[in-house]
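Note that subunit A is present in both complexes that follow, paired respectively with subunit B and with subunit C.
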Partner chain A sequence: MLFTSYSFIAFIIILLVLYYLVPKKWQWSLLLIASYVFYFLCDARYLIYISFTSISTWGFGMLIERQGKKQDDYLKEHKELGREEKKQYKAGIKSKKRHAMVLCLVINLGILAVLKYTNFVIHNINGAIRSFGWGSPLTFVNFVVPMGISFYTFKSMGYIIDVYRGTCKTEKNLFRYMLFVSFFPQLVQGPISRYNDLSESLFAQHAFEFKTLWFGIQRILWGFFKKLVIADRMLIAVNTLKDNPEQYGGAYVFALMMFYAFQLYADFTGGIDIAIGVSNAMGISVAENFERPYFSKNIKEYWNRWHITMGTWFTDYIFYPITVCKPMLKLSKASRKHLGEVIGKRVPVYLSAFVVWFTTGLWHGASWNFIVWGLMNFVVIMITQELKPLYVRFHNRFHVDGKRWYDGFQVIRTILLMSAIRMFDVYRDVPLTFQMMGNMVTHFHISTLFSSSMLALGLTGVDYIILLAGLVILFTFSMVQRSGSVREKLWCKPVPVQYLAAFLLLLAIILFGAYSIGYDSSQFIYNQF
Partner chain B sequence: MEELLEILKELHPEVDYETCTTLIDDKILDSFDIVSIISEVNEEYDVAIPAEEIVPENFNSAQALYALIERLMDED
Partner chain C sequence: MKDMMKETEEKVNIHKKSRRRLHAAVISVLVVISILCLYLLQRLVMPKYAKGIVEGAFAAEYYKETTDHDVIFIGDCEVYENFSPITLYEEYGITSYIRGGPQQLIWHSYYQLEDTLRYEKPKVVVFNVLSLKYNEPQSESYNRMNIDGLKWSKTKYDMIQASMMEEESFVEYLFPLLRYHSRITDLKKSDFEYLFDTPHVSHNGYYMRVDVKPAADFPDPPQLVSYDFGDTAMLYLDKMTKLCKENGIELILIKAPVLYPYWYPEWDQNVKDYAEANDLKYINFIDLADEIGIDYSQDTYDAGLHLNLSGAEKLSSYFGQYLKEEYDLEDHRTDPVYQEAYAEKIEFYEAMKQQQYDELEQYGKIISFGAEAIED
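What follows is the complex of A and B.
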């Protein structure tokens, strides 16, 4: 069941009515049933996978909790133990906990890896077989890949690591834990919530409040506007341009770059708005996933503001553990000794960042396109990091820091840079992407962008006007949002103004949603991850 | 504490570490700064800061970070 389908709207209306009608202590149970019904309606086979991940993670969490309790009881009973003996006992318990955590990670990440990456591995092996003439190619496997498997697996793995670290309380009730993993608004494209951040609000009893419901509905409408009016309209031109590279080179590649930048933004943030809006309508607070990323002045800032929950997940559970693990600290010491201070102290950071961006690329999709995309981000971030002292000197020398025109320049530069890197997601393979990027530079004629041929991409003049108006609204909204919640600001306005704003938004979705021009709303881009 | 302040000053000389208590909250230190600090602390104090200790409360101020180093040295 898709967020943009009528059945989803009906599902939400029924759920909201029931949610506020049932006794408050049953609200979370109702949500669990709703989440499993939602997933069942997508594909009944998905339930096997998500149930397994939920039950296994919960079980390992309980195992770790039991070890902790055992340690506490033992130390209470044996107060006579010396410092060294206590330390030794604690180390033994910690090792058992670590084994449980690692086993849990291997099993669940193993499932994710097998389901998502087996065919990618086979594809590469077959490439080698063909190249070296080793015999007949391997057959591809037809697995059922549950929608949003990366999201719920990461959510669960974050939980088990936090339980191991002792930074998260173990959930003793299996069904409550199952709701945390399967909470349907977040199931298909995030945000990737942490148990500590979501649980209190998820399991709390929520009395009906008009403001809560109204704010949720507004956010849902805003998400539909982004998805249906902007993203799905852009999609038509994006598909025409990317599917016909031989016909659309030069300035068209630039057009594709910009269309895709705004399509992805509207698509992904729109989906997240719907997810957060549905949660908010039930009084449930969910972590924000975006903070006006296209206002970032450099790539590092961009990644702190785009898909925030994924970024912090990779930082907390991959980047930090790799950088501070004992072998890496040893390597750091050795490299300082042999390569000198300047290079030596960069080794752990570079290695860890490389692993993070490689896995980030792989997480986004089982193809070389995404891996190269991830590594391009790594390269640009590292260059930015190395050039930092130069930037500081430049800013101090020319006194440009904080100047509005310079801020604008940095923002546009970051958008262009990120959009260029993202082209690796767009074309069918990596060599073609390089070829088209080269073609963009060598055959660029700005007049192409203003010629009538732009009307042959599947969009009419009216579509372009709607897109332009949509982007202006998006930009204005982001500018207003800089000084606080837009919904709160609207709430302070007279009631007719509030209703008029919501009505106009609804009207725009109904009138200008890209329903009838051959689009397929079958997917949000991030569903596939 | 002097050594720690030197490590921090080398990363961001413009910051007053004696008074600043929002190094993470105000995004003064980023993830690269944090791992540099951890590596330097390991060199200087021979203390390994584990991943679970990388939380804002431990890195928001020089004092908090120093308290963490002392605690870890004590645990050793």
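What follows is the complex of A and C.
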């Protein structure tokens, strides 16, 4: 069930009506049923996987909790124990807890790996078989990959790690936990919520409030606008350009780079807006996933503002644990000793960052394109970090820091840089991406971008005008948003103004949305992750 | 003090209540205006079929009829391009209407008939059997042309459900604005001109063409794996037969006398067998072309796919005689009600005929109808 399908809209309307009609104590149960119905309607087979992940992580969570309780009880009963004995006992319990957590991670990440990456591995093995003439290639497997498996697996893995760390309370009720994992607005493309952040609001009883519902509807409409008016219209040109690289080199590659940058942004943030809007309409607060990332002045800042919940997940559950793990500490010590303090202390950080970006790439998709994309991010961040002293000297020498034109330059530079890196997930393979990027530089003629050939990409002149208007609205909205919530600002206006704004948005979606027959209606890009 | 506080509180509550009421009233008005606005937009973007491909206007045009009909034709272009109800009236006083549509599939035809029976009960229903060769929905655009113009009823709902292609959605039939929204950037003069009223383009459902394009050679028909009609097609033929019998209507199965698409002898036999088994009349006009007097070098406007006005009038003249003899249909030419209604129709018929001849003379082709028509 696509977020932009009529069935989804009907599903939401029915759910919202029921949500506020049923006794409040049943609201979360209704949401659990709705989430499983949603998943069932997408593909009944998905239910097996999500149920397994939910039950297994909940079970291991309870096991870890029990160990903790056992420890508390034991220590209470055995107050006579010496410090060393207590420490020994605690270490034993901790080890058991760690075993439970690791087993849970292995099982669930194993499922994710097998379902999502088996064919990628086979593809690479077959490449080797062909290159070295080792015999007949392996047959590809045909697994069902549940929609949003990466999202719900990461969500539940975050939970089990937090339970192990003791930073999150264990959920005693299996069904409530199942709702946390399967909460349908987040199933498709996130945000990847933490149990501590979501649970209170998710299980709370929500009385009907017009403002809550109205804000939710506004956010949903905004998401639809971004997805249908901008992203899906731009997709037409993106597909034409990327599917015909032999025809579209030079400046067209640049056009593709920019089209894809805005298409991906509108598509992804549009989906997140719908997800958050649906949650908000029920009074449920969900973590924000974007904070105007295209206003970032450098790549590091960009990654703090783009897909925020994914970034923090990787930082909290991969980067920090790797950085402070025993082998890494040993490596840190050794590198400082042999390479000196300055370089030596960078080694473990960069190594951890490398692992994070490699897994980030892999998480995005089972192909070398994504892995290279991830590593390119790593390289750019590393270079930026290394060049920091140089930047500081430059800023001090020319006094450009804080100047508006320089801020603008930095923002544009970041957009171009990120868009260029993102080209690795556009073309069909990595060598072609390098080839096309080279072609863009060597055959760039700016006149191409203003020639009539741009009308042969599947977009008419009117489409370009709609896109331009859409992007202007998007930009204006982002500018207004910098000083606070747009919805709150609108709420202060008279009722007809509020209504008119929402109605015009609805009208724009209905009239200028790229949907229905004749348009290549697409899945949200992040559905595949 | 307490009383004062209570009084103030009451005042605040009253103020809040009246404010809420005001908000509700304002929102209600705005909602009504919005719905009206959406309705107007829907009317605006829906195709008007006023020029060029006018066949999409046929479905809605039926509801403008002021008199009932003894004969109803249902089927695809082989009825609405080959029979002239005006000729049937002028020569025999037979009142008839063609509830045809482009590539009208048998389930479209069935529901067109069911819809017709909501308004009148004809004595004879004529169904062209070519569509029996299709067992599945074929095209969204033809679905639209056959369905959009129908008034809402359970029949229309059933017709949509039976007709939808995989990529189609019922919601878009319910709210056509969702389907045609992209036309907002491609509106024509006729979209504004016919915002509230659909144009009149047919003559009791007949699509007039006066131009001539002699019949050409058609490719040899391919051999088929099976010559049996599909289950769905036969199911709807059964339903049609049953519906006619239940309403005391004579159902005549016909095959129009056109050269292409090819009508296989095996299909012909299947229809003959069905007609015999169900006590129905079946007339294959292809075999009667010479007797009717059809000259394929003069009586077709698209090389033998459809008849032109001359061919349609010849066929209608022939078929009218048959209807008169076999079904004892009343001659309505003396009835003042029909006289008045048909005088107007004949005037429109003659005017269009003249318009087409004028266009032929001036441009060498007809520019108001067909795929090559020039729309403002």
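Here is the rule we use: the second predicted complex is superposed on the first by the 525 of 529 C-alpha atoms of A that agree within 3 Å, B and C clash if a C-alpha of one lies under 4 Å from a C-alpha of the other, contacts with A are read in each partner's own complex, and residues count from 1 in each chain.
Here is the rule we use: a contact is a pair of C-beta atoms (placed from the backbone, for glycine too) under 8 Å apart; a residue touches a chain by one contact, two chains touch by 3 or more.
On a predicted model such as this, the values are computed, not experimentally measured, just so you know.
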| item | value |
| --- | --- |
| Clash or fit, subunit B versus subunit C on superposed subunit A | fit |
| First, second, both or neither for A:Gly408, with subunit B first and subunit C second | neither |
| Partner chain(s) touched by A:Gln385 [first = subunit B, second = subunit C, both, neither] | first |
| A:Tyr6 touches, of subunit B and subunit C: first, second, both or neither? | second |
| Partner chain(s) touched by A:Pro431 [first = subunit B, second = subunit C, both, neither] | neither |
| Partner chain(s) touched by A:Tyr499 [first = subunit B, second = subunit C, both, neither] | second |
| Angle, in degrees and to the nearest 10, that opens at subunit A between the C-alpha centres of subunit B and subunit C | 160 |
| Partner chain in contact with A:Gly340 - subunit B first, subunit C second, else both or neither | neither |
| Which partner reaches more residues of subunit A (counting touched residues only), subunit B or subunit C | B |
| Closest Cα approach, subunit C to subunit B, once both complexes are overlaid on chain A (Å) | 41 |
| Touching both subunit C and subunit B, counted on subunit A across the two superposed complexes | none |
| Complex contacts: residues of subunit B adjacent to subunit A | 27, 30-32, 34-36, 38-40, 42-43, 48-52, 54-55 |
| Contact footprint of subunit B on subunit A as seen in their complex | 165-167, 300, 304, 315-316, 319-321, 323-326, 329, 332-333, 336, 345, 348-349, 352-353, 385 |
| Subunit A-touching residues of subunit C, taken from the complex the two chains share | 23, 26-27, 30, 34, 37-38, 41, 140, 167-169, 171-172, 177-179, 181-182, 184-185 |
| Residues of subunit A touching subunit C in the complex | 6, 460, 462, 466, 495-496, 499-500, 503, 507, 510-513, 515-519 |
